[in-house]
Amino acid sequence: MPLETPEQIKARAEAAVPGAQLSVVKNDSPCAQHSLLVDVEHAYAVAQFLRDDPQLRLDYCSNVTGVDFLDAELSEKVKVKKVVDGVEKEVEEVKKTKRAGYLEVVYHLYSMSMKHGPVILRQRTPGRADPVKVTSLTPLWRSCEFQEREVFDLYGVLFDGHPDLRRILMWDGFKDYPMRKDYVEPDDYEYEPTPHDDVLEKAKAHRAAQEVKA
Amino acid sequence: MAELFAKLDALPVTLKHLLLGLLPGATPEWLVAVVSAVLSITPILAVFPLMFALTTVIERKGLGRIQNRIGPNRVGIPLTDIRLFGFGQFIADGIKSLIKEDVVPRAADKVVHFLAPIALLIPVLLTYSVLPFGKNMVPLDLPQTGLLFFFAVGASTELSVFMAGWSSRNKYSLLGAMRAIAQMVSYEIPLILSALTVVMIAGTLSLPGIVESQTELKFGFLYTWHLFTPWGLVGFFLFLTAAAAEANRTPFDLPEAESEIIAGYFTEYSGFKFAIFFLAEYLGLFAMCGLGITLFLGGWLPPVKLAPFTWVPSWCWFLGKLSALIVLFIWLRGTLPRLRTDQLMGFAWKFLLPMTLINLVVAALWHLSANSIPLVARWPLCFAMLAIPYWLLGRGFEAKFTKREYRFAN
Amino acid sequence: MTFHDLAYDAGKTDFHRKAQPVGQGREGELLEVAMGPQHPSTHGVFRMDVVLDGETVVKLKPVFGYLHRNHEKIAENTSYLGSMPYTDRLDYFCSLTNNWAYALSVEKLAGLQVPERAEYIRLITAELTRVLNHTCLAGFLLQDMGALGTPLMYAFREREKILDLIESLTGARMMCNYMRFGGCRCDLPAGWLDAAKKVVAEYPKFLDEFDALLSGNEILMARTQGVGKLSAELAINAGITGPMLRASGVDYDLRKVDNYGIYSRYPFRVPLGDHGDVYDRYMIRMLEMRESLKILEPALKDIPEGPVVDPKAKLRGFRPKAGEAYGRIETPKGELGFYLISDGSPNPYRYRVRPPSLINLTILEDMCLGQTIADAVITLGSVDIVLGEVDR
Amino acid sequence: MSPLWCYLTVSALLFCIGLAGALTRRNAIMVLIGIELMLNSANLNFIAFWRFSETPETQTGLMFALFSIAIAAAEAAVGLALIITIYRHFRTANVDKVEEMKG
Amino acid sequence: MLGTGILKGMVETAKNFAGSYHDPERLTTVEYPEQRIASKENARQFPFLVHDTEDPMKGLRCVACQICEKECPPQCIYIVKSKDKRADYKGQMQFYPATFDIDLSVCMSCQICVEVCPFESIKMDTEFELSNTDRFGGLLVNKHQLAKSNEHYRKIHPTEAAASDAALAVEVAKAQAKAKADVEAKAKAAAEAKTKAEAAAAAGPVGAPASAPAPKPSSPAAAPAA
Amino acid sequence: MTLPFAIIAGLTVGSAVAAMSLRNMVHCALSLVLTFAGLAGLYLQLNAEFVGLTQILVYVGAVSILIVFAILLTRSTEPKDEPSTVTPWVGISVAVGAFLTMALAVLASPVGKRIAAPAPEVSVKTLGQKLMTDYVLPLEVMALLLTAAMLGAVIIAMREKEGK
């Protein structure tokens, strides 16, 4: 039995979970893996539906990823009617919209029993400033445990309902979230003469600053 | 001709008497006793540590060959190209361990930490004092309590192991010490029980006496080693198993299981102290093997009383048998994985202990039926009495695991 | 039992272990040991914080990240091609399958085709890698069990033969960097196929020897059977993949499920275990090696002539169109996935590795609780982790 | 060879050291160690009196000592098992703190 | 029966022990500094720069295009372009690297620099005994250390070098053909100009000097052998 | 009083004092082992070889291990466990009193001056024969007692099953 299209899944999920708002995110690449964007409040219920629905049985959550989208200016070409020189004309104009940045958590769901997939589920935070919260799906799939921790560690996304949300790859005292796009790497490189002078300069400057402080 | 060989056999004893004879006649008796003791001890202190040194190289080379490697073959005479097949390795190792930094953890109990290796080595060396290395060659003949002395002194090594493990203030050390003690205490019982069968048959605790009890001849040429009886055969292997556990050898090397608890009770020892542990461990193994030889393999006796065999000096027989057993242990080490703690304990209590008890009974039966049942019937009968319990007890273990068949999808 | 009977009934079971306070009222009796990061059997810089009651594990927390170099961030700042050599360093035992997984994902993203000959080469190298990895794993596992290096040395002896093949093909023994988007970097050198055929033909001899050495050994069986058990339900829920999943009895092999490459052309069987313990994991790997050899033998004969790389694939200035793709293959350790988001620039916007080793570690504590520290060590060994991949 | 009184004095000393320890130390294990010392001093008496008796061939003293050693071993095993159980229950091995006797 | 598996294993190890003395299959190790396993033809370790002339610095094929520097994943290459130009092997005026450093402690031997180089000028060496007491300076190699002759390349990678030489030969042939064509075209143009001039001269006295002949291309530095 | 006796006796008594007075209980146990070993030495001096070696086997090899295990299992190594609430003087004075009484008795008694007879011929064989004939009842009782003690110790120390 082939897997339903994202649209079909969306319709059924919205019917099964009252109040859930899903939308299909199109994917333009040749593989055409479209995904479902689910609102944070209903993510758990929708995910549970996906997991337990007898036609889907997405019992296996393969991959959990964070993605960071910065604030961006989207430019769109719009045809606008305008009065130019007293004549109404249709003019193409570049319309610029500001899009607030957000963080996404992407879940790739497969079914081991039905051997189909993937169904891609996305949760989106409202903004990039703290607190960025989504719903943890770890209670549904154990496999999310470490991966959600990793997303938390590297992107700073908080997972509501995660039983053990600690840093996993970085050390506990680390402050920043290194996978965010606006992360600025520290300049305290180990002093190593590399052929790239800028690295060396940075390291030297850092050392000098340290020495001044001391 | 035979006289010459006899002289060769008695060479160490003659030498000792010769040296004692050099003392002036007015020497007080106690001084003679001291010199005599020193002369007895010196060969032990020379031969067995040297044997340990050679064993470390041979073991590494042998394991290397088993593992399709070459093993140590580089160190020879320094500044030359002479390599001596790598047998200079132990000297290099010795020098290295001597000049290595002796690290003592800050939290360690310094006094106990220092005393532990010494407290381990001394009892181990003491066990050698009752072993007969050759005809008339036993440093300390205790006609009443020889074997008891061996076990009593051997038992005190457990405490040294505990001292090492506890004083290091390292959790791995402590775990290793706990394991070592539990294991040594448990395996002491089958060890003593399997030795007891021999004591029962020989009727003496004296180790030279036990060797003497194997000097009778069967068929006119075959010595009656205890190994050549069904209970002796089984008892020997039971003894070897328990001895391997006592000496922490594979597959019973849990106290120093490097994949689990780093190096066990001597995790925090380095340099020369570590070398002493290493030495004590091997000397303990040799002593165990020596005891096994004395009890079951006829000590310094050749297997048959025929010309070329009797020419070899008795102490060579002893050392030869010892080397053979060491090779066996190396071979085992190259083959087997190790057991787990509970399995180790289960093996001691559920398999070795019953087997040794049955062996004791069978030995008694063998002894009592000596005159009533002909040998042809006695052998299979006693052997069956041992083989059946072995099979049954083995079944008890095998029930816990099976060779499995696997299914395939599509 | 069919798989559907096994399929996991969600509403009833909560597979997540709640963080439980351990050993309340027995504080003094418990021993807290940090196994690692410097420990002989943690397979790299890895730590297990273990709480022991005597020798029994009552709590175990895996701690890693010591080798973390933020591979994903590096990849986001490098061109698509530039990430290829970094994938070698994920699971440094199986760089060829890592290459393939990455290449496959990029091909999905950019819609590239792979020539026939390249598909064959990929299949052959991937299966050789699988044999190599499982051989070494068996050796490591037995090393953890205390078999003083002998099985490991035998395993390395055989591994050497495969590494020689890989070196003469790719130029490196471990860091191959061989596959390219839309094919492979270079063609097979002269005489390679014959050498490979010889290795494949002789390999069963080694497997038999290994079986004689250890598979029937009582100590091995006693040590591994019933140890580190993992139920099929938990395995599915925790996203366990690879031989570990199949040892728990779940029939899920991406070579069959996704049919990537040309696996559908070769019939091979997927061995399944019934107990999910360490012994099953060990045996499943031994059997998988034999199945891999069954794939290799005909594939080495069938390989056609032709180009090894899609002529449309560009080496420099490669810019896939905006979009995303998730590609995955069955590496020896499990499902290795790459999730790529392109925004049309030469660098991936998002590059994510789904490492099988990391996710297979999720249930380490569940498998080890109530067993001894020695069991924990071999359970970890049977999970088959490589820290390059866990930490990335 | 030393006369009998030497051995008896040593034995008395050991007994009193054990007694003092058992009376002053609060840890149950230390109390047990004190008792072991006292038992051992009795053993020394047995052996010494046997050796200095007119009829050592009867070996009565030796027999007593052997049985005493066996009893001491049994006593130590049971005593220490009790101490461990008490420790598990009360979280202490201090004899003063263990006042109630109900399980 | 208990113990049979153990005995089987012991037989196996005994076989290997005995085999290690007579069966080369069972003793696979070699004693390294004295004995060496022959390097595989494809083997790669670290990059080197190919030169064609006696003087390594003059014959470097590298034109300092900096593609490898940009593509190098761990960023271990550092190039400074020269101010002046010089003729390359096919006679074109090119830049050359004033500095070409590779930090071998960073290099991960991935061969991407070789793949992306359009000038066949950087190749992989098979030298691996590079241990050094100076972790930083000792592994930072400059163009003098990197430069190795084409003969060296032919020796370590014969097949690859042949392909590379052939590709270069094609390039040179093309360049020569082009040069020839240029010369001919110029000659033709000159001839045409001449005829025109003549015609013009015939028409009127306008002095037009003939254009100078095109500069002769310098011969290829080392004619690649096929 | 001979020199070997003085050395061994001094060692025994000294280590006994240490065993009862040291703060760290593992040290106490280790000193106790020394006391046991010293006593075994005294036994050997008194020609009781068998008993002496049994003493080592049982006390050094087994009882001290038990004590050490108990110390570790009850975490008594830390001295904080033992605040001396009761003044030790009462106990010490009782002990000193007892010693004085005994010492006076020993020194006053004519038995104390007795000199040993030549070493009796004791063989292990006769010891064993005596055990199996004259002392067979105590032996059997002892065997029963040891079995009972072993079972009892195991049952007492066995941890109650969790949750029961």
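Residue numbering begins at 1 within each chain, and the chains themselves are lettered A, B, C, D, E and F in the order written.
To be clear about the criterion, a residue touches a chain if its C-beta (ideal position, glycine included) is under 8 Å from a C-beta of that chain, and two chains touch if they have at least 3 such contacts.
None of these values were measured; they are calculated from a predicted model.
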| item | value |
| --- | --- |
| Chain of greatest Cα-centre distance to chain D | E |
| Two chains joined by the most C-beta pairs in contact, as defined above | D-F |
| Most central chain, Cα average position | C |
| Distance between the centres, which are taken as Cα means, of chain D and chain C, whole angstrom | 62 |
| Centroid distance [mean C-alpha coordinates] between chain E and chain A, Å | 44 |
| Separation of chain C from chain E, taking each centre as the mean of its C-alpha atoms, in whole Å | 37 |
| CA centroid of chain A to CA centroid of chain F, Å | 73 |
| In chain C, residues with contacts to at least two other chains | 28-29, 150, 154, 157, 213-214, 216-221 |
| Multi-chain contact residues (two or more partners), chain D | 88 |
| Multi-chain contact sites of chain E, meaning residues that touch two or more partners | 2-3, 6, 9, 12-13, 16, 28 |
| Chain B - residues contacting chain F, complex | 109, 112, 142, 144-145, 148-149, 151-153, 155-156, 158-159, 162-163, 166, 174, 178, 181, 185, 188, 203, 205 |
| List of chain F residues in touch with chain B within their complex | 24, 26-27, 30, 33, 37, 49-50, 53-54, 56-57, 60-62, 64-65, 68-69, 72, 122-125 |
| Residues of chain D defined as touching chain F within the complex | 1-10, 12-27, 29-30, 32-34, 36-37, 40, 43-44, 47-48, 50-52, 54, 56-57, 59, 62-63, 65-67, 69-78, 80-85, 87-88, 92-94, 96 |
| Touch list for chain C against partner chain A, complex | 3-4, 6-8, 10-11, 14-19, 64-65, 68, 70, 72-73, 108-111, 234, 236-240, 250, 252, 257, 320-328, 335, 337, 339, 341-342, 349-350, 352, 354, 358-359, 361-363, 391-392 |
| Residue ranges of chain E touching chain C (in the complex, touch as defined) | 2-6, 8-9, 11-13, 16, 28, 40-44, 67, 71-73, 108-112, 115-116, 124, 159 |
